[in-house]
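Have a look at these structures, which come just after this line.
Each of the next two complexes has subunit A plus one other chain: subunit B in the first, subunit C in the second.
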Partner chain A sequence: MMRLSLLLFSLAIFCPSLTLAQIEIRAPGQQTLPLAVVPFLPLEPGMPTEVAREVQEVLTGDLDLAGLFSFVAPAAFLSDARRLGLTSTEVDFAQWRMLGAEAVIKGGFSVKGNDLVLEARLYDVVSRRLLTGRRYLGKVEDARRMAHSFADQVMKSLTGEDGPFNTRIAFISNRTGHKELYLMDVDGHQPIRLTDHRSIVLNPDFSPVSKDVIFTSYKGGNTDLYRKEIYSGREAKISSRAGLNIAGRYRPDGREIALTLSHEGNSELYLIGTDGQMHKRLTDNWGIDVDPSWSTRSDEIAFVSDRQGNPQVFIQDILKGTVRRLTATGRYNATPAWSPKGDRIAFSRQEGGQFDLYTIRPDGSDERRLTFGPGSKEHPRWSPDGRFLVYSSDLGGKKAIYVMRADGTGSRRISPPGSDCSHPAWSGKW
Partner chain B sequence: MVFVSFALHLAVVLIFVFGLLPQGRRELRPVYYIDLASMPVADPQAGRPDARPEPGPKAPAPAAVPRPEPPKPANKPEPKVEPKPIPKPEVKPPPTPTKPAPVTKPEPKAEAKPVPKAETKPAPKPAPKTETKPAESYQDTLSAIDKLRRDKEMAELKEKLAALAGTDGRGTDAPLGEMGGKGKDAGVGHYTWLENVIPKYWNYSPYLNERLDLEATIKIFFDRDGKLLDYQFIKKSGSDQFDQSLIRAIIGFSRDQTLPNPPKERSNFEVKFNLKDMKK
Partner chain C sequence: MKKLSIVHLTLFLALAVLLVSGCAKKPAPTPTAASETPVVVSERPVGQDVRGIDERPVTEGQISEQDTAGLGMGQASADLQPIFFEFDQYTLSPQARQTLADNAAFLRSRSTVNVLIEGHCDERGSDEYNLALGERRARATRDYLASLGVAPERLSIISYGEERPLEQGSNEAAYAKNRRAEFRIR
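And now, the complex of A and B:
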């Protein structure tokens, strides 16, 4: 035993390869992944290049919003960018490495009549392996959707979570002269009008389980709650009780709707079924209670109430009925939106005559201001993955829809100019 | 008056339209990092980089006067001598060091590039020898003048810098090297070098994972030539994205880098990666 200990001791001292030291690296050299998005090439000669341009634009726009990447300048691309080599043995990784890229997206397409085939691959340049690849079949007009879908795939392969780019955003616009409900892509393209109420439509919210949307409309002279099936176009009035039927929000499992009703006099929060049947009264207070937003576990609801004087955000436990105040600062806090991850609540606060967006933890700690500068920013809503926020802002005059990352960076306008756009809502997985 | 006002307004409009507006879309260019501060040596001494070196046997040794005579430019030890700041001691006595200076200066220039090639193919060496010799006197004079000028400029800059800092660097006796070093070479150790170089290969976005408390430890193994042989996770972070980014960093590092002035034996280091200095 003694000899063994002596031997081990000698080895530890004299064996040169046992030299050991610890180095601590406390931050990465670069906080983005250098990515090259190569223009897609025709799989057969003589194809129109319009598709490639569109795909490139969508991919770059989506991935830029993600904030994960820095893009290698296309002007620096070498010969591999002009060669349709989509397999890992055909891609010249050394070229991309020389350009500093850590990942590269390559793809090809073919068009026959109105049919489009799109093939896209994401490669890890350092380890020289395929991270994800997809082959899409569809119509030429689906090119943008295919590109959004592949951007989601890129996000999934790099972060482990699906991206939100192939989803939809509902919003209210007065471009026809009336406030109607519209639907558009996450980048603002392909807007379509869903309602023709020729009245005032407000407060849309997507069903988490089907392609339905609920909204409030003054169509019948009262503020009633409607549900619309987006693809069939069928529409039904869910709640038309006397007074207000506003700000309906689906429970995360899609089985109930929380909303504000005033048929009993004061504006209170209630739970109703998707068929409009009354399930439960949630609040009972002299103040006005509006804008409910569900927690991820459906056990709590954040809402706005002026029960303590000024509009503030409160949280109510659905089962116990207990209420606690969330926002402790600011004289006017409104439109709470609980993150799908459950860790933060976004809301707008009015200060100096203008609204700005904030987030706060559900326990009331770690409040962070997200927006600065001119323009009132209101109605924040989360993307289904909780990475982004959509909101409306009147920066520049008319209200428009903007998206940004959940930390307040990367803000960009997505709604087309020319009309007021407000009350956005982000769909779930489409 | 009206005409003058009109002309001025027109000029302003033209300036804004043609002069100040951005021309086309700005393209993002890659950023390249060049580290001029951390020259790794095997045996770093303590001190700070701009201080006066210890007056000892070091000065004559690096001077390496025999360099012109030895016809073999492929000498291994040469690279070690080149980075040593031989010119620095010469800054103080400007008139006298003119002789040693020209002798040492031209060589590194002429040999700096051939050296790596010479290691693999020693045969073509004689040619450069004959080429450099005839040009030596004229070239040496030119480079000596150039060096004197640069040294003077450098001394002036240092004086200005010292004045700005409120202290005169020439008055300190701190030796060259890195903090806590106890060796004899001017420069930094392998720890510091790795600490500076590995992050350049580590790209990690905070948007990959919201957690900033991730930490992983990887052991990296180098052979006698300083080449990275292998790596091994001692502790994973629990986030696949974080760990993958570290693997990419190590692979990228191993493709581009070898440990400079490698120790004589195999070596290994434990590298702990975390996000302590990263703020969202």
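And now, the complex of A and C:
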């Protein structure tokens, strides 16, 4: 702990977010902070307890996924857990210290009609001080969202970098009998269907700067690229060139889209505007070129090509046009995803009929395998803070959406059961 | 006590971040927070941005079984036999060429019939790569039919990748049936 403290101290001076994130990614679970998450209490008597249960569930789930905390067992909580006391003078820190907690989350809520007020506090048990506090105003059904927001706030307060919990995950599900586009919270709650194409919808990608999503659909009898505004529901077909219009990926500034088209006879990578206008052809090769993924600086694109015989990941410099091969091993490597920090590229490798997930540095060094065991794991995508990955796995028969830490630990299923769920995409900050 | 300094330091860090980012949010005027440190910041109402999703709620719709047959582009033709491919290949086997010769003869005899050629893959491999591979299979099929005298404008193509398997199942027998090009009369 002393070592971490020193690191935190020096980093606070020089460069807070970058190296701290590395501590999380490299060593989650090794240096954990003992945290007590106290069930939130009604600010006035007679309030429904459902809100408290949901807030507890969300906070514990999010912060457990973070891998930075060990949780003090609620069964051991003493009398302070049953007392509202939301100021640092009211909290009985000695009790929490006795239980070994170094930090404690307390809060209260009040419900009036359908309106919800949520007060949330993170305290440092040792210094007996408030680290961060938030008051949320909304509707009762927003309780989970408020809790996700506070989990982000806890992460920011303790690491200097926002958490990714108040974001959304888009995915494809066939629960209506057709593959349609859905949206859900990062813990799989509140799934909403966004399309009603009644054909095949595939491969969504979020705009990094607005609440838009692009995807491919067979609705018009061809694999066309669509863009949809999530809140207005407005939808437009933006590329319906003959043949493939697939695997669209927004540039990090949201102003351009890389995708695979085949209207000139072979599947190649192109850049188009968000209105679908042709900007530039990127590749010119006899092979199949698919699955582009932008570098953080938008100067390079990782993609899959079989130009050397079987599917491998390559990286192309957009301005110079030069191409280098990234993956050196394996006979089938696919679906590259460049991390938002730029330091690693996740991809899936097929071996023995099954995909597993790996990450590698953009220079091709330091390849690491993240997933093991049964189930084909595909379509990795990073959380906007680069701490986590979302992917699909067919462990247990049907495909489902999972999240895990960027080092492969802490994996958990998040999508609702009962249908095949695949092609996840993680939104930016919502 | 070494161990206990961490939270204290992270508080310093949080403050440092606030300073660095020049955070200009207003302190919350909440009564309970009034006595606390200035770290308390008011949050926008969370409720505001979560509404307005102009879509129907998710329902457990009944699963329609007929829909896997296609997108209503016409029936699979009994007169036009499908052809099959090797894994990750789009070259035409001698057997596929024989089948296509029969199909071409049929098409030459029915000059008004237009055909949609669907390229398909087995479930192995990446979805997007398989969309491109399925298109190559459809394209190779079209080019060969055209070389046998069928007017190319009568032949259109689409790739379904691994989206519409003929046979469910994760075994070589199913895979072999799913790596195919099919013909639909339009």
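We adopt the following convention: the second predicted complex is superposed on the first by the 400 of 430 C-alpha atoms of A that agree within 3 Å, B and C clash if a C-alpha of one lies under 4 Å from a C-alpha of the other, contacts with A are read in each partner's own complex, and residues count from 1 in each chain.
Keep in mind that, in the parts below, contacts are C-beta pairs under 8 Å (C-beta built on N, C-alpha and C of every residue); 3 or more make two chains touch, one makes a residue touch a chain.
Note that the structure is predicted; figures quoted are calculated from it, not measured.
In the superposed pair of complexes, A:76 makes contact with subunit B only, with no contact to subunit C. Once the two structures are overlaid, the count of subunit A residues touched is higher for C than for its counterpart among subunit B and subunit C.
With both structures placed on the common chain, the touch criterion links A:33 to subunit B and to subunit C.
Once the two complexes are overlaid on the shared chain, A:407 sits against subunit B while remaining clear of subunit C.
Of the two partner chains, neither subunit B nor subunit C is touched by A:227. Contacts of A:262 after superposition: subunit C is touched, whereas subunit B is not reached. Once the two complexes are laid over each other on the shared chain, residue contacts for A:423 go to subunit C alone; subunit B is not touched. Once chain A of one complex is fitted onto chain A of the other, the partner contacts of A:138 are limited to subunit C, with no touch recorded for subunit B.
With both structures placed on the common chain, the touch criterion links A:241 to neither subunit B nor subunit C. In the superposed pair of complexes, A:176 makes contact with subunit C only, with no contact to subunit B. Shared contact residues on subunit A (touching subunit B in one structure, subunit C in the other): 16-17, 33, 102, 124, 126-127, 158-160. Residues of subunit C touching subunit A in their complex: 2-14, 16-17, 20, 28, 30, 32-33, 35-37, 39-43, 45-50, 52-64, 67, 71, 73, 88, 124-129, 131-133, 135-136, 157-160, 163, 170.
Residue ranges on subunit A touching subunit B, taken from their complex, read 16-17, 19-34, 66-76, 97, 99-100, 102, 124, 126-127, 158-160, 387, 405, 407.
Only residues 27-31, 33, 191, 194-195, 198-209, 217, 240-241, 245, 247-249, 251-252, 255, 263-278, 280 of subunit B touch subunit A when the two sit together in their complex. Across the complex, subunit C is touched by residues 1-2, 4-5, 8-9, 11-13, 16-17, 33, 86-89, 102-103, 116, 119, 124-127, 129-139, 142, 145-146, 149, 156-160, 175-179, 182-183, 191-194, 196, 198-200, 202-203, 218, 221-223, 230-233, 243-244, 246-247, 260, 262, 267, 288-291, 304, 306, 310-311, 332, 334-335, 348, 350, 353, 355, 378-379, 418, 422-423, 430 of subunit A.
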